[in-house]
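In what follows, chain A forms one complex with chain B and a second complex with chain C.
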Partner chain A sequence: MTRSNLILLALVVGIAALPMVGGSYALRLGTIACMYGILALSWNVVGGLAGYPSFATAAFFGFGAYTAGVLLGKGVPLVVSVPAAGVASFVLACLLGAALLRLRGHYFAIASLSLIEVFRELVNNATDLTGGGMGLNIPLTSTAGVMADATFFFYVMWGLLVGTALMVVVVAGSKLGFGLACIRQNETAANMIGLNTTLYKSVAFGLSAGFVGAAGGVYAAWVHYIDPSDVFDILYSVKPIVMALIGGLGSPLGVLIGAFVYLGLEEVVWRNYIQIHSGVLGILIVVLLLFLPHGLMSLRSQLLAWRPKRV
Partner chain B sequence: MLAAQVLINALVLGCLYACIATGFSLVWGVLNVINLIHGSFIVLGAYLAWGLYQSLQISPWYALGIAAPAFFALGYVIQRLILNRVITAPVLVTLTLTFGLDLILNNAMIYYFKADYRKLTLTPPMGSVSLFDVVVPIDRLIATASALALTGVLYLILRRLRVGRAIIAVRLDRDAARLMGVDVNSIYAIAFGLGAALAGCAGVLMALIFPISPLTSTAYLGKAFVVCVLGGLGSVSGALAGGILLALIEGIGSALIGPAHATTLSFALLIVFLIVRPQGLLGRKGFE
Partner chain C sequence: MSEILQLHSISRNFSGLKALRDVSLGISKGEVLGLIGPNGAGKTTLVNVVTGVTPASSGTVMFLGQDITRVKTYQSARLGLSRTFQVVQPFAEFSALDNVAAAALFSQPGESIKSAREEARAHLAFVGLEAQSDQPAATLTLAMRKRLELAKALAMKPKLLFLDEVNAGLNSAEVERATRLIHQLAENGITIVMIEHLMKVVLNVCTRIAVLHNGQLIADGAPRDVIKNPAVVEAYLGQQYAQRAGARG
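And then the complex of A and B:
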């Protein structure tokens, strides 16, 4: 295991201490931080390792949220609903991936964007099951009180983040991760030497979607109310990409740090400029892409590269 | 008679969809950029028509003449100052960048115009024509004719003018065009400007038919996606075929299985087309 992956796991474990130091606000922020971490790390498997510009994160986030939401509404306990949402997303993404991942570049980006629209409209129209545009109320899972509830969901989301981080580390060190890197560098050549590229890409897409879907499930149970325009928001697809770009594409540690930095920026903007927060996010994206295209992690190597010259 | 009405509605709407999509398709084909600001340009064009009519009583037909140069300039500047810096970057970067620009423009519009729906209402109203039982409002008919004319103008620019041939040359092979003395960066900016101008004009026409709100920009963008993929990238005739096909599918789909499912149907078709026939109905690489 590389040093940066060790730091990654240490960072993730360190977050668990948050409830001991912070109040309810810190808990809420911590839960969102874990959720963003899951989304960004999962996206990195497809977008960073395999190099496919996937905008499908929001589709599987919403799919997981609704799967878990509907199950919880029918009285299925949380310990079953959330894994079910994850597994359902995994299976669905593997199947869709086998078809969609044959597209490359712009066409794949458009197809994955359209997936969000299709899912959102399907949920919007399946009023009997999902409540349609009125949204879905999800029953409270416990009656232990607000703080206990917040702490509980923080640890659930954190547990999922631990799972995602482990998945990313395992994938990066396995044959799958090596295969994905080959696909990113030259897919045709990878195919030529006998790599089953369709299988590798589909599994990567499925793993990514599975954890995103489970995060959507936890989110649904946590906020108790979801509606299509909330969970199928295209921003859930773009935010992980921005986080990965902040941190630097490909490196899981960079991506996770990017997620936390992004959350910090978002929180500052939300609190101070509520009316123009999406515009400020836009400016952030533009400035980032124009002036820091390789992310914060590239600054470190630049600094290291400068040092010998000064000496 | 219902069938005839659905057909006529689809033709009328289809030409407007084609007008939306030609600019998007031009930018995608020439710059290799999926331009997510396109939808917000359309809405901004609609606000321009609305504002000119409300404050100065300038009719939307004349507003087209103001919108085209204004949006061309806007697009030219955006391309030169911002997009040109990352034009060779992978799709992830360019797409996310235009998404960021779209967030800025859309937020600015929500800030200034609020998210309320507005409507441009011509006084006196122009009425409608009816042939047998098929009814078409006259303003809608003129909007369709203008949309067709705009698409035709783009076709002529690409076909007849020197700069149009240069745009096609860059689209076919950037490096060869550069070797032949074409200033590629300036062609990129002109192509993006033309795309923006078409979006702005489409917005002016849309203001006559649909309510105006910043929130509608994603719906327009979605139409542009679907039309481009259905018709095939890069040709004006492809955009026209795709536009009419999409309007027909939506019209027939609404009539048969209900309007709620029309959007689902069009996007599902988009994904099927991407997988089965990514070059679209009439797509050929770089031919114009």
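And then the complex of A and C:
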């Protein structure tokens, strides 16, 4: 295991201590931080490792949220509904991936973007099952009280982040990760050396959707009410990409740090510039990317370069 | 000798353009076949048809008694067909070692990344790139990248190897080195089909020559006969070459 992967896992474990220091605000922020971490790390599998710029994160987030929401509404317990949402997202993404991943570059980006619209319309029209545009109320899972509830969902989301981080570390060191790196660099040559590129890309797309779907499921149970325009929000697709770019594309540690930095920026800007917060956040992101095109992770090597070199 | 590859009346169209017309060709085990012809004759298309990159529009391809006409590229690679590209296709960010390891890892069943890297070292040593094994492929010179392509193709343990202009863009010392490597491979018993424009190399290495012109096979036979064939002289070699060859031979 590489050092950056160890730091990644240490960082994830460190977050678990958050409930001991903060109140309900810290818990809410921590839950969102874990959720953003899951989305960004998942996106990195298909976007960073395989080099396919997917905008489908929101589609599978919403799909997972509705899968879990509908199941919870039917009285299925949380421990079943959330994994079910994850597995359903994984399978669906593998199948869709086999078709969509024939497209490359911009074409793939647009096709994955259209998934969000397709799913949203399906949910809007399946009124009997999902409540359509009226949204879906999800029954409370526990009656222990507000703080206990918040702590519970923080740990559920955190557990999912641990799972995602482990998945990313395992994938990066495996034959799958090696193959995805080949595909990113030269897909023609990858095919020529006997690599089943369609299979590898589909599995990568499935893995990146599975944990996102599960996170959507936890989100639905956490907020107790979802509607199509909330969970199929395109920002759920764009944010993970921005986080990965801020942190450093391809590096799991960089992506996770990017997610936390992005959340920090979002919170600070939102508090101080309530009227124009989107604008200020946008400018900050543009400035960051202009001056740090390879993300925050590139700072590390620059800092190392300052030290005297051993001969 | 048994035929390792058989092409039965292969045609390939790119909409209106007939890149290959009714090509039939058999390649025997252990042969070194030179595939020559003018630019645009369909030489690379023929390789693409066999390796499944652009499947044939009609006709059949048999490899070791198995119909591989519609087989996908990655599957034909696992069967023991490997090739080098005219325009080299390295994994640019990977080290030379990982480039070759990738070829071993994905074409052979039961390989791990570790065992693939070990094998890769041997192949890099064979092509003389052991000193560059940790260097990213993007930083290698063209001659080194061509040899890297060769090492990748060898890591796939090919039964039939296509060499698509491995000597294009190399200087004469580098050509000589590459030619020696090809000789060694042929001695090791790998069947080779080489697309080549340098007649000196073709005559030096090949046991048989096939000539493509406008997608049709116009000659096929022993090198000395083919270069005297009037149709080949007309289409590709030119009168001057024929006269010089005649004066020498």
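In this text, the second predicted complex is superposed on the first by the 305 of 311 C-alpha atoms of A that agree within 3 Å, B and C clash if a C-alpha of one lies under 4 Å from a C-alpha of the other, contacts with A are read in each partner's own complex, and residues count from 1 in each chain.
Definition applied: a residue touches a chain if its C-beta (ideal position, glycine included) is under 8 Å from a C-beta of that chain, and two chains touch if they have at least 3 such contacts.
Owing to the predicted nature of the structure, the values given are computational and were not obtained by experimental measurement.
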Of the partners chain B and chain C, which touch A:2 in the superposed model: first, second, both, neither? neither
Per the contact definition in the header, classify A:106: touching chain B only (first), chain C only (second), both, or neither. first
Now for A:195: first (chain B), second (chain C), both, or neither, which partner does it touch? second
If you stack the two complexes on chain A, which partner ends up touching A:285: first (chain B), second (chain C), both, or neither? first
In the superposed arrangement, which partner chain does A:137 touch: chain B (first), chain C (second), both, or neither? neither
Which chain, chain B or chain C, ends up touching more residues of chain A in the combined arrangement? B
Please output the residues of chain B touching chain A within their complex, sorted ascending. 28, 32, 34, 82, 85-86, 89-93, 95-97, 99-108, 111, 218, 222, 225, 229, 260-261, 263-264, 267-268, 270-271, 274-275, 278
Note: in the complex, chain A contacts chain B through residues 47, 53, 55, 99-100, 102-103, 105-107, 109-111, 113-115, 117-118, 121-122, 124-125, 234, 238, 241-242, 245, 275-279, 281-286, 289-290, 293
Considering only the defined contacts, which chain A positions touch chain C in the complex? 175, 178-179, 181-182, 185-186, 188-197
Chain A contact footprint on chain C (complex, rising order): 51, 53, 72-75, 77-78, 82-83, 85, 89-94, 98, 102-103, 105-108, 112-113, 152, 156
